[in-house]
């Protein structure tokens, strides 16, 4: 007898203690997990390992001999500390956009809006911008200093809150639109938000609500085209470390720390009930809704969560550079992150990470390097660094044409791109044909002898009839996907 | 009050140029449900090609005799239209047709890539700075003939109307009355059935891109002769406005595209004049978002069912 | 294709909805009409489903059966009429317009369904398809997921168990990790039912569950549906074209033609009803 009972065990114990022990299991199980991954996905695991090792040891390698090599023997396109920090920043964004576009399948062309919101959150809460007040709280700033100065570890959650809230606000009325319209609307937000930041440098208003008056004259709300600077850098009091642009490779590790948390969250979300809901929506939104998935709310969640990742990246960027301005936030930035996701492998966390690192490298180090070398050889040729989007545009066209699932494809997305749609069309057509044939057969039989219908309305026959053909099973090789 | 009328006239001219470009968007969307992101940049390329001819080949200036001027302009329009039409057909063949069966968003992403490619090619060849030509038309106010001095209607504005309106009429005739136009409408409704009825769907789509490209080219010529200046990222602003026009009027609907464009021409003019050019783009985006969220079928309704 | 041994008592578990209380009618619909522009797809249909019964909805192609299904599940909003499920209205008036619950809300109330043309999530595994069905009853939120809290882990483990149990029920346990679209046709149909069962429905709507099956597969499906009713306390509404199935397991049969109910009653009554014969064969055949 098949039972539908549910085991009553509680494998993880109760409460915090249970969770900590589970976490401990996971952490200590890392060597075994690694070994298993190595066996199952050899190439991927090895390349990721190499990458991580390179990343972590790069500062040492660089100062030890790479830089000297590049100076004296042969110039190498070595990324400097700023570039590697931006690899982390864009890595966080790529993972965030991967949630929106890769997991949930929503094309967001205005992702830069949330990047900007994160940056300006840091600018508002950790600079001297509001010079008429002074709020200093646990920050590396003398009390009484004008402006609001909160520490970085408060800024980041605030940025998450701001970006996530705006994501929810923007998404709520628009996520019911179909894919290409949604893309355009998000593009609009991506344009409007920076424009707002650029233009609110001279705001005058005068509101009277009952006894309350809210007024301002020539209020510089957002710093205008010049932006806001300086912005406090992240500061670690115990080690007396400041993670700004002049701090060498230290900010890379701060970025890496945030990046690892981002990867962890994204991975956990992917393998949960909400991750499955996202997959289902992407595959067949209607069926998902019919199976009880609140599709609007689930899409909204993807959109808002993705936005919050960009908020983190923005706050890190602004704090690291010590300044922000709306010029940093253009449509091209949104597209750049999109290319990272597409190139790397849409839906695959490691893929998009690789895409982020590769693209930041190409954009900020490799192309300028080529430009420099070209300058020396043939000064009249155009500088490729200034025409980076010519390459990126071509990459987009080429990727869509030849490998839309990216280089480290998520297997499901690869299957979707490889003709799942034509497959469904074919199957639908076959359905139609079978149905039409079946009806024709029955009609012909009845035309010959109407009493057949009465036989068929009778009780089920006890004998086996070889009537009709069994639909040939279409067994495609099953694929194990653990 | 004169201000208002003057702004209206400016808006009219802009609107007509938008209309030519908007038709390209709406035609393509109607037939393959693709938002052709690169269309605005094709328009920019048209203006660049026109500039190259006007300044580089014919060396036109305000001193050129009117007869020669007219003749050359007609030639430039024809040549530019042919070139942009050819470019558009090629782009369709290379970047969109192979993606006919891909998931819906793939061609859109490809179009974004194409947009950047076109911009950068223009930047490569013409440089990042504004490129301008001399004012070719006499600067007299045509209304001064009637004794009106407070409102200006320039030769350029009349020129815009003279070129765009016949083209719009010609397109309308083509789509309604010719066999190929019928094929386009049929393919827009139901490509599979149209194919079964003997329509060569691939050729029809190519034809759509050809026409859209030609119109964009014409719009480019008109633009450079009207504004006397062009730049490699001109396509963004015009593309945005033209696409919003198409959506406002009801994407897929040709009359709607023209109506929407005229409305948007006015919005642009009044925003530039009474607010500030800094905000105009944001306002246009706002209109776009508002239409998509509240009335996605646009003012004149869609000709296609919304295949959600 | 065996589905395990029949018989045995229903197990005490969380997958079986509680014993029915109150109204004896699980679905009560009155004067339900659906117009698409000028076309009247469903015309003032009164339709009741008693709790615990197996009811079939039959009729020639295009009679409006699937449209009616779609209204019960909230996908379409009726033009007029009322539909009440287990005492709760699915269709209600809001500001003078008829509104319907959204499909996911209907699913949460306890209506599960399968589709005529199988709509599985093809690139998800069989197990994930079934697990997805349970989403409507899961309680962990996104932050529980992001942090992998004990509550979420527990719920995930339970969900996995329940899903595997359902796969066992439909004899797909060994294909749990196969992609849904790689499964043979019959397996896909059963998987769809398992997925619908994961939503813990009180009412199961099956849209042509035996389409494309041969006689022995049809027999298996028929007895399976009977078991669903007896072991899982389910009420079942079928759309079917195979009259042997309809006549074999239905407690009651309703016949639609051109959107109108032309007959309702026990299978025997319906079988003899001249209007039904006429609907299928045209005028004059009833006289044969």
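Residue numbering begins at 1 within each chain, and the chains themselves are lettered A, B and C in the order written.
Definition applied: a contact is a pair of C-beta atoms (placed from the backbone, for glycine too) under 8 Å apart; a residue touches a chain by one contact, two chains touch by 3 or more.
Source: prediction; values computed, not measured.
Trainee: Chain adjacency by touch: line, ring, star, complete or other shape?
Mentor: Graph shape here is a line: each chain touches the next, no loop.
Trainee: Counting contact pairs per chain pair, which pair wins?
Mentor: A-C
Trainee: Measuring between Cα centroids, what's the chain most distant from subunit B?
Mentor: Of all the other chains, the one whose centre lies farthest from subunit B is C.
Trainee: So what's the Cα centroid distance for subunit A and subunit B, whole Å?
Mentor: 34
Trainee: Which whole number of Å gives the spacing of the CA centres of subunit B and subunit C?
Mentor: Using C-alpha averages as centres, the distance is 52 Å.
Trainee: Which residues of subunit A are in contact with two or more other chains?
Mentor: 416
Trainee: Quick one: which bits of subunit B touch subunit A in the complex? Just the residue numbers, please.
Mentor: Where subunit B meets subunit A, its residues are 33-35, 94-95, 98-99, 101-110, 112-117, 119-121, 123-124, 243, 276, 278-279, 281-282, 285-286, 288-289, 292-293, 296, 306, 308.
Trainee: Show which residues of subunit C lie in contact with subunit A when the two form their complex.
Mentor: Its residues touching subunit A are 4-5, 7-8, 11-16, 61, 73, 75, 102-104, 107-108, 112-113, 115, 117, 119-125, 128, 131-138, 140, 142, 144-150, 152-159, 161-162, 165-166, 168-169, 175, 177-179, 181-187, 195-196, 198-199, 212-217, 219, 222, 232, 243-245, 247-248, 271, 277, 280-281, 285, 288.
Trainee: Quick one: in the complex, what on subunit A touches subunit B?
Mentor: Contact set of subunit A toward subunit B: 107, 109, 173-174, 177-181, 183-185, 188-189, 191-192, 195-196, 198-199, 335, 338, 342, 382, 387, 389-390, 392-397, 400-401, 404, 416-417, 419, 421-422.
Trainee: Looking at the complex, which residues from subunit A come into contact with subunit C?
Mentor: 1-7, 10-15, 18-19, 22, 265, 268-269, 272-277, 279-280, 283-284, 286-295, 301, 305, 411-412, 415-416, 420, 423-424, 428, 431, 434, 439, 446, 450-451, 453-454, 456-461, 464-471, 473-482
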